[in-house]
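I've put the structures underneath this note.
Two complexes follow with subunit A in common, the first pairing it with subunit B and the second with subunit C.
Entry: the complex of A and B
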């Protein structure tokens, strides 16, 4: 699907104080794989166009898809999508896009997801695709974020409490949640050395976040012994 | 300069290729690294982007948009290996 098509904003839900998930209805949506993204195009009255890529943060629900957006300071697209773009209005989208940074539900190896901030969006899409299966491989999400209030997808992640096959660990970098035992700070080697997800178990690793975060975590994973071609990355730039 | 992955070019490349080309493999003529287009390093400046080998940095291709024109320059950027069915 290469052309632009018109999508309608049907709902906007809150992920944090500042971030929102936009639920878009896209007539004729062909379905997508977890990890894929869409391009969104805005056209100003004078014809100026801006295109941005956003990861799909949930499996498709018929012709509805979801993107989750953190408004960038002084951004020309994201603050508009989060704060102004009205429900019921139309926007141009293109997708689903990408075939490398994806998780296919027929894969059987364990999956290690490493998220930095809003990089959690495509990884939660993978986690949700796994949860839609009655049975499947072990999943672990390591979610690095500054402080607990900035967490996205809280309800979905809290619903994992008590499960061992699909679980989430938090790596807070500035301020930890009450009761957390991990010292605050950036992701360290011990955060990514997890029983069931060591190089010997040959997990698929997906890392998504800001460029410096992705390079830091991918370097740790390769140093631990994961094969570079099993460490798939998506950098925000 | 900010760097992204080849994944980020899936949209613009979909205007050119009939297949999903970020899943295609590229054998780097510079260093022999086999990587997917989605795993290339992408450097974007304005409406142009350069995709480079993630290992040695050799240019794989350049993509630029000027008004109604899309430029895709493979230079000596090696071959793409594209899985097809049938």
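Entry: the complex of A and C
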């Protein structure tokens, strides 16, 4: 769909103390690829409009889609979406958008996902799309976040416990989870040098997060020997 | 129909005639790139201009810096909906590079270090509308923003302003570049909101 269409907020679920996932019902939704985003358009009583882009954080569930939002301090749109926008109310959306930072379920090579903070949203959409398949390539998510209580999608990620083909590693930068053995700190080369996902195995790498994080991690992946055209990036901030 | 975003209020209304439709202003300088940032030293940097007949001219870094230089202040508009006002750049006008070039081409195909490509009409590179920019806010352009040098075509969405530019091919026919072949608009005029195919 190329134009704007009206969607309804059917539920809002908690991802962390501050972040929320908005579940939107979009009549006629054509489906989307994991990693794509939508534009949302908000309208004030006086006709003023604001538009923002958000990654879709899950595969489509019929005509329902999900975006996950971290409220930005003093932000115009994100605090409204997280705290005020009432369930049952409408919002305009446009999409799905984006054709590069996507994972297609017919791909067969291993997939290495590297997330910084709320950059995990499109990567978890890819991971969930993989989990929807009975069989598929190995997936590994390296999830960098400040502290355990800031983790998003906890239930989905905890459900991976015991699996070896789809797994998650956490890289805490300020405060580690109890029992974690990795020293606290930013992502290092050894965090991204993972059996099954080395350059020799030619994985497809997706990196998403704040600009400085993406620059840092993409540089590590290239230095490890991954071909630059196998490293897809999405930056924000 | 239920209420549309009830209770939503403007918090950062921008001056009306400077902000294209659907954009918001940012004080930061976001980075949008499809892959890792290539590292290109000025010692091995080169820009090549090729015409439709195969005539080539090229500039090393020192030759580029020896050309007449422009300082300009302009607004930037990214298709991801941020606009940034009053950005300050230094660079060489494409009019300087195209001076005396014998061509009947109507399109330009832009290539970058790292493999990025984009396309635009040659007319959009002429008449003081485009630069090879190497300086941002008085300092060498950082690599993540396209340094050592990027194309700057501020009247089009910013994906046309190819970072890490390495070549300009003048062509008789149009061919879609990287984002253009992935769903983005062939021309990309922010004032007409030409974001994606069909806009």
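We adopt the following convention: the second predicted complex is superposed on the first by the 237 of 237 C-alpha atoms of A that agree within 3 Å, B and C clash if a C-alpha of one lies under 4 Å from a C-alpha of the other, contacts with A are read in each partner's own complex, and residues count from 1 in each chain.
In the analysis below, a contact is a pair of C-beta atoms (placed from the backbone, for glycine too) under 8 Å apart; a residue touches a chain by one contact, two chains touch by 3 or more.
Fair warning: this is a prediction, and the values are worked out from it, not measured in the lab.
When both complexes are superposed on subunit A, subunit B and subunit C end up clashing with one another. In the superposed pair of complexes, A:211 makes contact with subunit B and with subunit C alike. Legend: residue contacts after superposition of the two complexes on their common chain; A:84 is shown touching subunit C, with no touch to subunit B. By the touch criterion stated above, A:219 is placed in contact with subunit C alone, subunit B being left untouched. When the two complexes are superposed, the chain touching more residues of subunit A, out of subunit B and subunit C, is C. Once the two complexes are overlaid on the shared chain, A:100 sits against subunit B and subunit C alike.
Contacts of A:63 after superposition: neither subunit B nor subunit C is touched. By the touch criterion defined above, A:51 lies against subunit B and subunit C together after alignment on the C-alpha atoms of chain A. When both complexes are overlaid on chain A, the residue A:165 reaches neither subunit B nor subunit C.
Using the contact criterion defined above for the overlaid structures, shared-chain residue A:236 touches subunit B and also reaches subunit C. Superposing the two complexes on chain A places one of the subunit C stretches 9-17, 27-35 or 99-107 into subunit B: stretch 27-35. Taken together, the two structures place residues 2, 39, 51, 53, 97-101, 211, 229, 232-233, 235-237 of subunit A in contact with subunit B in one case and with subunit C in the other. Residue ranges on subunit B touching subunit A, taken from their complex, read 2-8, 10-11, 14-15, 20, 22-23, 35-39, 44. Within the complex formed with subunit B, the subunit A residues making contact are 1-2, 37, 39, 51, 53, 94-95, 97-101, 211, 229, 232-237.
Those residues of subunit A that touch subunit C in the complex are listed here as 2, 6, 8, 39, 42-46, 48, 50-53, 74-76, 80, 84-86, 88-92, 97-101, 211, 214-215, 218-219, 221-222, 228-229, 231-233, 235-237. Residues 1-13, 22-24, 28, 30-38, 80-81, 114-115, 144, 178-179, 182-183, 196-199 of subunit C are the ones touching subunit A in the complex.
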